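Order as written gives the chain letters A, B and C; numbering starts at 1 within each chain.
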């Protein structure tokens, strides 16, 4: 006991010496939340401004200029680039295709992901394997997934030809040439985008499903509600915001994707599957016309802005609670 | 050893003053308890002393030195949190040596210090366990051992008993008191539990709305509350308050006794107690009712020890008395204590 | 079981059959391309390029030659190496910047924390297809064209926002008491975080590492726009632009190239999926 008191006093004396000095004072600066917070936050924010904010601003400048890949000249031409872009018939088709492909594929995803989430929430044998398979389209890099689909859809050795001939749609030994006709090419792209986006949406909805309190479900059962009534008047309404979030992600990723088009169809046949981002790529990089490419891509912006606004509103509503 | 002092200490969150100009000073080696309801600012005050919050105004002094601008580590304090905040990824031994590493204590002397601290708290056999393998009481002791090896000038406790079950709490309270008495280190202890406050504190400071309502010995705070807040917050059941003429008349439930049991004495206030309900708690009986002649609206409680066997029946009316020196008076507007009645009370 | 797993027991026989049929449908829809690719990669040419053969059986013995030729005759291994190097460097930059930022957002910024975190997350929604044109000029200005460093510089633009969002959730799940205790115990704020908070968010850090890495494997457009020589290409771009040569397609090798990358990533993903969901939702709740 007495030794403890001695050492305590000793530590106190030693401590007073330690607490002072300019070096220490300077060190205490980082104890203040108002200093430490910005210091920790700033590097990430500056980095994002450099690789996202600044290029985004540049994209606007390009769209209002006549800049090309080769030159460093930089004249502002106002809306001239946009007017040129709009008068390009392929561009107008690209807009149409973008909305068509995104709209149909994500409508399919809404239905499929909800059903799939309910299946994965149930108990059955081999569930882990289904979960693994379901995730694969999402975890596989887009470009590689698209190559597999290219092999399945484009070659004359496609299994779909075999199925079709067995069903009598085409004669034995005939070919569908799915990517060769405008209609089936668009359909194929929609199928691939649905396939690719289904996992993410399912995972998000599944998370939402497991966060519905069990007692609400049980209360409804006690109250005598059957399966379908519980589904439509309790679970789906409670899931609606989560499904919404899932679809917003799906829309952003599908609307802005060019890898599937680039590998599967190259925009063809005859620009039948050209979408905004792929057209921007062909114009901007392959065609060397940065300003027209940027202007084309810029037409994605209003849609993205709208979606981001919705996401932010929903996120801040969740965050504010 | 050192004293803790706060000067005009203020802390605002937005427009809300959690601590609203508090002046306090402990004595050397004193056990000061900060008592108040939740949201009264007592925990904020403790965190200001620890340096975990930065005050909006005023100063904190430890050992006579202004430490307001110093971070927690430079204040030579030890703190025990409500949750005990044991490092879940470290063994008990590593938990205890963690502050030693921070202080740059040479490694050779760690085993001695761990041995000493674990002996003081009787946790020698727990040293290689992890926090989640410990019971609530054991966690408290580990937290104390960890606080102890720092050899702090001041101990700060933030409701350390509130996570324990009722039975354990009583024995843990004894241990804490015994611990502090042996160490003799100045201690500031926050609680909302008046039983803890009364049992542990050398002095008790009652806080409400970010201000000190009263500071004094436990028996002073109990017997001579400075205002109606202290009168009703401290003591269970609370002090009876009756609106009589222009003042509030107060007396503790245990001082309202049947005339039959105590007999007539000089200076007594005598009244007719209309009894509505009787609760028998074993050691005591709580008698609920009103005293219509004084304040027909006020609910009045009398607490009769089991040694008083007078029969009281609900619906009846009995003569009750309060000894003259047990009567307290408060002004109606501010609820502050006043010395003497300005008007004669009924006899 | 139903209670802890939050799984729903399906009672009726009809219900069970329905579940299995639906499960089978989704297994086929999601898995069929991989089944087809897996069957293709071991076929001999004579078996593959003969439309008379039944598609779901091998008419000739399986062969490993197309898979091994992928490694011996093509720069595939180089692509993988490039992808791994780029991925690891991106992970390093992301951790270096996202960990402090997420901590600050979780603990230090008060009521600005939530809107700022959401704002940073919104950056994740800015698509590469909008940025690749101006960025291609920035890359030239930095002298990084046709270098893997161009991708290392650009990828944190989308990995940081997602990582910050996940990490904010993980940091919030660590009780404040623990780091305050460390501060009282004599450590500076930063030392307290490093010694007590970081060890407690190790699962979160692993999750961020895995998802940052897999996210870099997903990119196609940046690699396509910035890299021109095959020795610097990533798997995602190298395979489709470099291995499909004119009309001579080695489809067995191409399928192998996709499957070999897809399986390990899917396994990693599955391992950390629950943590990912937890972090994703933790970031949102508890403002």
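FYI, contacts are C-beta pairs under 8 Å (C-beta built on N, C-alpha and C of every residue); 3 or more make two chains touch, one makes a residue touch a chain.
Bear in mind the structure is a predicted one, so any value in this text is a computation, not a measurement.
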>> Does the complex stay in one piece without subunit B, or which separate groups appear?
In response: one piece
> Among the chains in this structure, which pair is joined by the largest number of C-beta pairs in contact?
Replying inline: A-C
>> Suppose each chain is reduced to the average of its Cα coordinates; what separation in Å results between subunit A and subunit B?
In response: 56
>> From the mean C-alpha coordinate of subunit A to that of subunit C, what's the distance rounded to whole Å?
In response: 13
>> Please output the residue numbers of subunit C that touch at least 2 other chains, ranges allowed.
In response: 188-189
>> Counting only residues that touch at least two other chains, what does the list for subunit B look like?
In response: 71, 103, 150
>> Touching at least two other chains at once: which residues of subunit A meet that condition?
In response: 31, 33
> Okay, in this complex, where on subunit A does subunit B touch?
Replying inline: 1, 3-5, 7-12, 15-16, 18-19, 24, 28, 31-33
> What residues on subunit B touch subunit A, complex-wise?
Replying inline: 1-2, 54, 63, 65, 69-71, 74, 76, 103, 116, 120, 150-153, 182-185
> Within the complex, which stretch of subunit B touches subunit C?
Replying inline: 50-52, 71-73, 77-79, 81-83, 85, 87-89, 98-99, 102-103, 146, 150, 156
>> So in the complex, the part of subunit C that touches subunit A is made up of which residues?
In response: 1-3, 5-10, 16, 19-20, 22-23, 26-27, 29-31, 33-34, 36-37, 40, 48-49, 51, 54-56, 93, 96-98, 100-101, 103-105, 108-110, 114-118, 120-123, 125-138, 153-154, 156-157, 160-161, 164, 188-190, 214, 217-218, 220-221, 224-225, 235-237, 239-240, 244, 251, 254-255, 257-258, 261-262, 265-266, 269-270, 273, 277, 280-281, 284-285, 287
>> So in the complex, the part of subunit A that touches subunit C is made up of which residues?
In response: 27, 30-31, 33, 36-38, 40-41, 43-45, 47-48, 51-52, 54-56, 58-59, 62, 69, 112, 115-116, 119, 121-124, 126-127, 129-149, 151-152, 155-157, 159, 161-162, 173, 195, 198-199, 203, 206-207, 210-211, 214, 252-253, 255-259, 262-263, 276-277, 280-281, 284-285, 290, 293-294, 297-298, 300-301, 304, 307-308, 311-312, 315-316, 318-321
